[in-house]
Structure formats: C-alpha cells, structure tokens
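After this come two complexes, each holding chain A, first together with chain B and then together with chain C.
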Partner chain A sequence: MATAWTAIASTTVGSGGAATVTFSSIPQTYKNLIIKVSARNARTDVVAELRWTVNGNSTSYSNRLIQGNGSTVSGGTTATTLFYSGEINASTSTASIFGSADIYIPDYTGGNYKNVSADTVSENNAASAYATLTNGLWSNTAAITSIAFYYGGLNWEQYSTFTLFGTNNS
Partner chain B sequence: MAAGSTYEAIATQTLASTANSITFSSIPGTYTDLVIVAIGQGYTSPSYGNLQIQFNGDSGTNYSSTEFRENGGTVGTNRRSTQSNLFVSSFLDWGTANQNVGHSIINIFNYANTTTYKSTISRGNIPPYRTELNTGLWRSTAAITSINVSVNDTPINIGSIFTLYGIKAA
Partner chain C sequence: MSEMLTNIEVNCTTGEVTERPLTAEEIAQREADAAAFATAEAERVATAEALAALKASARAKLVAGTPLTEAEAATLVI
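Take a look at the complex of A and B:
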C-alpha cells in the first residue's frame, strides 16, 4: 500500500505576525488536500473568522455552517467571496489559546466544482467559545493551485501554524 | 527508528458509469480503523438522498444512527433505529450535467475486532443544502470484511469517487 498522507508545506508565523499565509504552486500530483490550522488572529475580539480563498479568486463561493457556542446552536450561510471555515481565537481571548481547524479539500485537481469541509474550534475557558462545522463550495472547475488565509488585513499572530498535506487514492 | 506508514489507501473506485452501489470487499484486518471518503453526486433531480452502507452483507435490522444537521438555516437532529442499513450522511442528488459535487467522510472504528459492536462518525457536506455530523452503530461483533455503499433514492452518478483508507496504530 502506498502512503496516503504527505506533508507538502508548513508555515509558522514569525515575530510581528503575518496578514496572509499562502500556499502557492501546490503540486497537482495528489488527489485530496488536508490543512491543519492552529492559529490566532490580531482582531480586537474574542474570535475571528478563518477565511481563505483559492487561486486568488474572490467570486463564486458559498458556505453552509452549523455552530455551537455553549448556549445556542445556529446554522446558515455566509459570504460569497471566500471560504469561511469557522471561528478561531483572536486577541482578546485568553492568552496563549489558539484556535484549531481541520480542513478537507477533496479532488482539488478534478473538473467539478470544489466542495470543501472544515471542523473548527475556538476554546477559551470563558464565554464566547465556538465549535463550527462548515461546508463550502467554489463554483469553479479550475484546479486549485494556491490557497491564501487572511482576515481583512489583520495579522495571524506569531506561532500560528498552517500545514498542508496531500493524500493519494492508491 | 523508522516509522511505518499509518494512513494508507486500500482501494478506490471511480465510477465509469452510473451504479446502484459500490462494494469494498476482502478488506484486510490489519488496520485499527477505516475511513471512507465519498465524493460525487446521485443521478436524479436536484435534492439529496441518504448515503447508506451495509457491513458484511448484513441486511438485518441491526443498524442505528443519530443525525445532527444544518439545513436551510435550521439546525436539527434525527434518530434512526432498527434499520436495515446504516445512514452515514446525506448525499447530493444532482443529475447528469451539473458539476456540483458533495463529499462525505466516514470514520469506522475498531472494525476488525470480534468483541464489540461497530461505531461510526461521519461528516456530510451537501452544497448548497446541508452540513451534517452523524454517528452510527452496527450491532454486530463480527469483524468488518466488506462494505456496500449506496444512495437510497438514486443510482450514483458517473465520476463519483469512493476511497477506502486504513489507519494503523503506531
């Protein structure tokens, strides 16, 4: 059996933070992509949205979500200009806590539209902690060659990590 | 010490024509857990059906599941008890000419043991309709050696991809 998981690239944000974390020139030799995120954003709030786009494109996205925050459960849709993958910790949440996300991108080189999913949490040992399941669609048949994580120009904080894996089907 | 591969692709089926079901047979008992990733769509008109599985050809009423979902902005849950197959997620039905696809990720735990009943956790991603997290149970102590996958209301469409992965302990 072939090894199914291969680490393609990993970024750890350095001192001063980074407004965007990008995986570019993604090899087209895998079948699916998985991204593991441990991140915290400089937004002045408890949480920030984990937002990302592919191929530098900001059109033709749709997202569905189900989310719990410790007191209520909600569901719905979000923006059409990006993938929304839940809420991660931001600058006013308890220090040293980073949000976690597990993102799955199947058949990223295929000729269909691209459907992605993510499980994301922002624990806080206080109010305003979130668990979010999302499912996004990019209505574009292009192969995914780059991925960029950003939050409106606000930095991902130091020690945030983003790791991209490729998986094979054989 | 060199580490062995822990996540391996066991088999993949890509449909060259529509099919009522697909089967993974002769599953080796050498892993600790299994994962099925199903990417694609059903064949009928726009909506969604039930992606369902049977283990070892068992069509007895030995399956049950709990569904947690978001659907059109409404969150809800559903129980299925004493079923003749295991509901693992909804699955997009879209027809022949649409490039929209959904995907489901099905985790099957401790599948080879002959002592306990078998449990599953699955994520359903059905754009633009639903996001789901589901649990399932097969009330059998038999080791799982084959898995049949189908959709309740439609053939599975051409181009759909089903991959079975095995996870090994360290």
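Take a look at the complex of A and C:
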C-alpha cells in the first residue's frame, strides 16, 4: 500500500515578516513527519541557516552536515542548541528567490532519541548558492509535540511557507 | 524604534493560527541559541578551512617535489 501523506498544517508569512513560525499541538497519530520549507530570511547575507527546535527545548542537539556552495565542499559537526538544516536564501541573494528544504522526522512519537534528516538548497541567480545535507539528533525520548523555526532576532520574510505533513508506514 | 518580533503559531489540532509578539524571555533564548550556534559554526568552518589549506599546501609540495609534513600527507593518503 502506498504511503499516504496528510497535510497537517501550513502557514505563509505575511507582510512584515515573522521571527518565529511554530507548529504546536502536533497530532500524535502519525508515524513520521515531513516538513516542506520555502523560505527567505532577513539576514544581511546571501544565505541564512535554517534553524529549528522542538518542544521549546534548547539542549541536547547534535548535527552533522556536508555542504557545497559552488566552489568548495565542507562537512563537520555543528550546533548543540538547535537543529541545523542547511542554508536558505537571505536578503542579499537575488530578489524574490527562496531557498527550499525537505525535513524528515521519523518515529516522532516513539520513546527513542529523535533523529532527523534534511536536504536544503539556496537558490540564487548568481554565484554562491548552497546545497546541504544534514542529519541531526535530539537526545531526548519525549514525543515531539511542537516545532519552531527561528533565526535569532531576524525575520522570515513575506511569502516564506512552512508545511507540515504526517505519514504512516502503511 | 526597534522592529517588533512576532511568532506565528499554528495549532495543528484546532487549525487556529495566532500571531503575537515574542516575549522578552523568548527573544533572549533565541539570541542565546543564535550565539551558541555562531560559536559552533565558526569552529566548524575554521576546521574545514584549515583542512582545505593543508590539502592545497600538500598539492603544491607534490608538484614542486618537496617533502610533505605528516599532516599534509595525511590529507592525501587514507
């Protein structure tokens, strides 16, 4: 039987932007979560990190990544206070272009530590666009009930869209 | 006047969408998270750049026929 995706919730940032986008009271009735992101941040740079936390928690995260930006490839370990899911477009990248990300969160209600993966790209009609593969671990056994995307004190720009899906294995 | 930072919250059970200003505590937490991330990321980038420099030096020495350091050789031979 094909895996069914159910759109749980979606939101698009309005004029003026928003510093945080939160999915709360996530139903505990699915097996996995998938988040589709199309976003642009107000940071004064070509790209900004796609950062997020779960359950309002800022501890016990670890992240590994491999990343290319058109000229160099790098990898490594980063961030302990949040999930890092690559680089999306920021304010000095080509206007009206948004970065995109696919985030996968398997077994989000289970009693094990929570691992996630993401593939993320920044689109840019110029040099210096990023492609990043990340995996992250939240060393906590709690079920995931909320997810918040934020970049410090800077806004997600208007038309940034975050959509949460639930899937089951059968 | 500083820009007001807001939180768009989607209640996935009820479908209700609310937008409210971030509290001072939330702003402080986000700034602390961002600072911690910046520190970790700076370390990662520095490590990656040092490795790239080591590889470049190793290549240059190979081409020139000069001896490599142990660290340079380690970037070429697994």
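Here is the rule we use: the second predicted complex is superposed on the first by the 167 of 170 C-alpha atoms of A that agree within 3 Å, B and C clash if a C-alpha of one lies under 4 Å from a C-alpha of the other, contacts with A are read in each partner's own complex, and residues count from 1 in each chain.
One rule holds in what follows: contacts are C-beta pairs under 8 Å (C-beta built on N, C-alpha and C of every residue); 3 or more make two chains touch, one makes a residue touch a chain.
Since we're looking at a predicted model, the values are computed, not measured.
Applying the stated clash criterion after superposition on chain A shows that chain B and chain C can sit side by side. The superposition places the C-alpha centres of chain B and chain C at an angle of 100 degrees about the C-alpha centre of chain A, rounded in steps of 10.
By the document's definition of touching, of the two partners only chain B reaches A:G136; chain C does not. Shared-chain residue A:P106: touches chain B; no touch with chain C.
With both structures placed on the common chain, the touch criterion links A:G152 to chain C but leaves chain B unconnected.
Within the superposed three-chain model, A:E49 lies in touch with chain C and out of touch with chain B [touch as defined at top]. Shared-chain residue A:G70: touches no atom of chain B or chain C. In the superposition on chain A, A:D119 makes contact with chain B only, while chain C stays out of contact range.
Of the two partner chains, chain B is the only one that A:N168 touches; chain C does not reach it. With the two structures overlaid on their shared chain A, chain B and chain C come no closer than 7 Å at the level of C-alpha atoms. Taken together, the two structures place residues 74-77 of chain A in contact with chain B in one case and with chain C in the other.
Within the complex, the chain A residues that touch chain B are 1-5, 31-32, 62, 64-66, 73-77, 104, 106-107, 111-113, 115-117, 119, 133-137, 139, 141, 167-170.
By the touch rule above, chain A contacts chain C in their complex via residues 8-11, 13, 16, 18-27, 49, 51, 53, 58, 72, 74-82, 84, 148, 150-153, 155, 164. Those residues of chain B that touch chain A in the complex are listed here as 5, 7-10, 12, 37, 39, 68-71, 73-75, 99-103, 105, 123, 125-133, 159, 161, 163, 165-166. Chain contact summary for the complex, chain C toward chain A: residues 3, 5-15, 17, 19, 22, 26-27, 29-34, 36-37, 40-41, 43-45, 47-48, 52.
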